[in-house]
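Shared between the two complexes below is subunit A, which has subunit B as its partner in the first and subunit C in the second.
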Partner chain A sequence: MTAIEASSSGGEGINPVASVIAIVLILIAIAIAYFIAPPVAVSALIGVIVGGLLIGFGVHFVPVGGAPAAMGQSPGIATGVAMLAAGAGLAGLFGGAWAAANPEFGFAIVIASGAIGGGLLMAITCLMVNIVYIFGMGIPAASGKVAKDPITGDTQEAYKSQGTEGHGLPFISYVGGVIGGLLGGAGGTLIYYELLKLYSELLPSILSAEAAQVVPIAVSLAGIFAIGMFLVNAVLAAYNITGTIEGPHDPKFKRFPRAIIGCATASAVCGLFAILIVVV
Partner chain B sequence: MESVLFGIGVTALAGALATIAGAAEDTESNIGSQGDPNSQVQLAPQMGYIHRIYNKAVSGEPPAYGLWVTISAGVAWAFMVTGMNPVLALVIASALAIFVQGVYATTAYLGRTASLAKFEQPVYIDVIKSVTTVTMAHAFVAVFPAVSMCYLIIAALNHPFPLALLGIVWGIALGAAGSATGNPFYGKERQYQSQKFGAGVPISASGNIVRYAEAGQRSSLDNGWFTAKLAGPASGICFGLIVFFELWRTVLFESAAAGWGAIIAGVVLILIFMIIDRYIEVWARKNYGPYKSESAEEVSA
Partner chain C sequence: MTVQVTASEGGIPHNTIMAVGLVGSLVCLYLTYANQFLNAEYAAFFGGLAAVFALLWGTDTIKHLCSYGIGTGVPSAGMIAFGTGVIAMLLATKVETVMPYSAPIAAVIFGAIVGAVSGWIANSVLKMNIPVMVRSITEMAIIGAIVLMGFTAVMAGGFSFDTLAVQEIAILGPLTMPSYAGSLLGGCLLAVSFMLGSIALQHPFNACLGPGEQQDRTLMLAAECGFLSMIVVAVISFAFVAFAAAMLSLIIAVVGFVYTYIRFIELSKRDAFAWLDAKPILEPEGED
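So, the complex of A and B:
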């Protein structure tokens, strides 16, 4: 198939051959980690893969309108998918890393802190978007993809201004944005937390140093890998969305299984390299 | 108790710095036309509308600010390692990062505008001279508070991330908050000022941006003046609230309920913002009303 024949929407289905190759790649990455690294590395890799899945899935919830939204021509937040998701996820990572620095806090508190950090950024950002639309531009929120808001039941069609596909953030998009932030923040923090545990355990013997001495290096390494993997997964999911999405009610949302397979594979390969730097 | 009071004071200061950073970030991006509305600045010459608007959107705001804040944070850290006073280090590092921004802005304007040569869009040397320095000044006002806030979070609140890593995190978040909040106002209300207020821009009007001012051709500096009235402060409030509440809930409630206090506070804050959003959404539907009669639409359907 040539580029001209390909659908501009990117297609909806899952390619079985590509999916099988992706699953084989994930299994190879886990097998390599199993045979050449200590058991803690395998659990870290699985945590990284799950974190990647959460990020890829979460990006599909974020209502992003891109350039058309900046002219009130389509609903959503007027910026790029990957960047908005990254902003939310990294704010979550900030909160999660802070909680992870407290030795009294367990896994659940750390991940929940990251999730809430991302959700809070999206809750505030989505509110300010609607404030600017409503009080700065005099435009009510309206969806272009559904006749009624699935949560509130508000009709949408009559509130779209002439010649546009809708504007602002209807309530379903707002809720989608918060869910996307929660999932992105949790995913990014999970990657960070798993890598931090791994580095904290393995770096002292590699560097012949005390556990307390390697903490800054472990934190920095885990942090930069978490940010990098967050961007990888957010961009992959953005490619799957192709441009703009209104949120969970958008027909494009149904493409998420494909992104999950892609993000899991990318996370497995990136995660393997993050592990190998302290093993080989 | 004293440490909590100190933490709240630092939180308030960090929130105030974030507010300044957010407001300056959006104004800078609008003067330089770096947000999503720049698609129209790029499109206009292709539709036959030659203009004098600056055009430096070779990157989105989040990665651009991620870069500039991180450069500033990294250089400041290096200065501090050599024993320099932190305040001086932050100021000098921010100034150095802004030179990178200036190089970025100049090359981006030249590159983007030169790509429109076949549509007869000129490269205006006086636009480079007058606008680039103004975007640099605004970028300094955005980057310095952002990196100062990152330093405060580490030095006073003991966040585990190194300064450069916090620079990436909050630089990208700053760009994301500023572009999300400020872009619609710049795009719809300024670039399409001639269109009706209270409605989106019809897709058929794409590219026909406003190119003339009260006297002569419109300058990007006027766009900064216009958007500083609402989009800038709104972006500042957005980023300020994000930073303030993220720190506030942790400083005040982290030790409550065996660590769950900050999480519960975060959930409550999210629900409060959600209720406010729903309230203003309903308020707008009631006060602005539908664009066409809903009953007539049902009949025609």
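So, the complex of A and C:
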């Protein structure tokens, strides 16, 4: 089979058999955590799974343009999902980690800080992308996938250059980017926060040290695991949309259910490994 | 939108490269255990060689996967490799504390599990339907784990979880106290090796792909990127291992980088249609 015969268009609809197996895998991972790890690990694993599916869902909102967008031939931000997701996720993690370091802040504030960090980065990125497109390249923002912007109702067709799929970031793509950043930042921070709580609780007895001493190890481990799982989930979601998407109005957005199943499964397996490190 | 990615046919078969990469990197990782029997960590540089072996193998894997046009660009493959690899590698370092001399094998096994699940999700749940998907993602998770473990061995001289988590620092001469913040994990140097490794993994094929792609040139660039990352890792190792051992790692990394860089430029000249030794544009003097 050659590369051309093997279509990677990704098809529509979900694969029922694989989805059921995936859900069984999630349940097996939770069961293993329940039987071999203390109860705090099970809630951490569930938090990691929820965080993973938030990331997978959030990536579908982000207008990823790829190489064609760099040439102004399709709408979106001119880079790949891996870079955008890493940017939004790390910005979210910084915000969330700052809030998590303060014991006065509760769960809601930590997750909200992460979400705002990710959303803010995407808002700034989208704004600067549009400034470069409009004032640098001299092209207006126009969507190629819809005739009217679903939010503002602006017509798109007249502004679209011939031979392109649209260009720039229309309003709906901008809004989608910010929503995607909020969800991704919240998901990444949720993974980090759950793992941090778990490690802070279990590491002192493993290393036979005081709780305050192992804080750097707990922060570092939770951070690197959160980054790793963030990238796994973001790339899996990118595979689901086969690289590029305009935002929530794009027909590819309807593929998100299978990304949620896939990212939850990947997070469950990765999360189980991350929990085993303090149990083995 | 799928960009057609062209890759060369022929050359050394992928299975051969995979066997050489896996065996070579495992042998090098096990050679780093010699540190325990030497009076300094002179064998730490074998970790860097293990990373180079794994990167050569990984570049060929990425070439196989990305020639199917996955649509997300080559870098995403490097990111998922290290995202899954770091999880497998850290768990393997923890297993090392329970079962000595098991970390390299454990990293391969854990990497295979995480990678196979991710590859199966991408292929079946997300309906990518690429024949080499499961195998490639499995291989890349193993590669990510091996590269991280190799760089860790260069930096810290070993890869047991206790070695990575605690650093003995001397106070007032003979007295020592354990420092967790000054350790490899506490300083989050794993994040540095994460990016050094993933860029070295994703760059070679991303830079060389196209109609004139040649396997030997791409692999030479992979080795060059591996040694370039090893230079940085060897510089970091001055903080953790004996001065002479760190110097040895640094010299080997620099020599390896210079050799592979010169060879890569030669191969690039060979494959280029024409080569112009361009001179910098000289400003005409005396004209204002």
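Everything below uses one rule, namely that the second predicted complex is superposed on the first by the 272 of 280 C-alpha atoms of A that agree within 3 Å, B and C clash if a C-alpha of one lies under 4 Å from a C-alpha of the other, contacts with A are read in each partner's own complex, and residues count from 1 in each chain.
The definition used in the following text is that contacts are C-beta pairs under 8 Å (C-beta built on N, C-alpha and C of every residue); 3 or more make two chains touch, one makes a residue touch a chain.
Worth saying up front: this structure is predicted, and the values here are computed from it rather than measured.
Chemist: When the two structures are superposed on subunit A, do subunit B and subunit C clash or fit side by side?
Modeler: After superposition on subunit A, which the two structures share, subunit B runs into subunit C.
Chemist: Pick one for A:K197: touches subunit B only (first), subunit C only (second), both, or neither.
Modeler: neither
Chemist: Quick one: is A:C270 in contact with subunit B, with subunit C, with both, or with neither? Answer first, second, both or neither.
Modeler: second
Chemist: Check whether A:K252 is in contact with subunit B, with subunit C, with both or with neither, and answer first, second, both or neither.
Modeler: Touch partners of A:K252: none, neither subunit B nor subunit C.
Chemist: Figure out whether A:Y239 sits in contact with subunit B (first) or subunit C (second), or with both, or with neither.
Modeler: second
Chemist: On the A-aligned overlay, A:S220 touches which partner chain: subunit B = first, subunit C = second, or both, or neither?
Modeler: Both subunit B and subunit C are touched by A:S220.
Chemist: Which one hits more subunit A residues, subunit B or subunit C?
Modeler: For subunit A, the partner with the higher number of touched residues is B.
Chemist: Is A:A67 touching anything from subunit B or subunit C once the two structures are fitted on A? First, second, both or neither.
Modeler: In the superposition, A:A67 touches subunit B and subunit C alike.
Chemist: Which partner does A:G80 contact after superposing on A: first (subunit B), second (subunit C), both, neither?
Modeler: both
Chemist: So, A:K145: does it touch subunit B (first), subunit C (second), both, or neither?
Modeler: Neither subunit B nor subunit C is touched by A:K145.
Chemist: Kindly point out the stretch of subunit B, out of 117-125, 153-161, 243-251 or 279-287, that overlaps with subunit C after superposition on chain A.
Modeler: After superposing on chain A, the clashing stretch of subunit B is 117-125.
Chemist: What residues on subunit A does subunit C touch that subunit B touches too?
Modeler: Residues common to the subunit A contacts of subunit C and of subunit B are 66-68, 80, 83, 86, 215-216, 219-220, 223-224, 227, listed in rising order.
Chemist: So in the complex, the part of subunit B that touches subunit A is made up of which residues?
Modeler: My answer: residues 35-37, 39-40, 60-63, 158-162, 165-166, 168-170, 172-173, 175-177, 179-189, 191-192, 197-206, 230-231, 234-235, 237-238, 241-242, 245-246, 249-250, 254, 258-260, 262-263, 266-267, 269-270, 273-274, 276-278, 280-281, 283-285, 288, 290-294, 297.
Chemist: Show me the residue ranges of subunit A that touch subunit C in the complex, using the header's touch definition.
Modeler: Residue positions touching the partner: 1, 3, 6-11, 14-15, 18-19, 21-22, 25, 66-68, 74, 80-83, 86, 207, 209, 213-217, 219-221, 223-225, 227-232, 234-236, 238-240, 242-244, 258-259, 261-262, 265-266, 269-270, 273-274, 276-277, 280.
Chemist: Could you please specify the touching residues of subunit C with respect to subunit A in the complex?
Modeler: 1-5, 67-73, 75-77, 79-80, 82-88, 90-91, 94-95, 98, 110, 113-114, 117-118, 120-122, 124-131, 161-162, 165-166, 178, 180-181, 183, 185-188, 190-191, 194
Chemist: Within their complex, state which residues of subunit A touch subunit B.
Modeler: 66-73, 77-80, 83-84, 86-88, 90-91, 93-95, 97-102, 104-106, 109, 112-113, 116-117, 119-121, 123-141, 152, 154-155, 157-171, 174-175, 178, 215-216, 219-220, 223-224, 227
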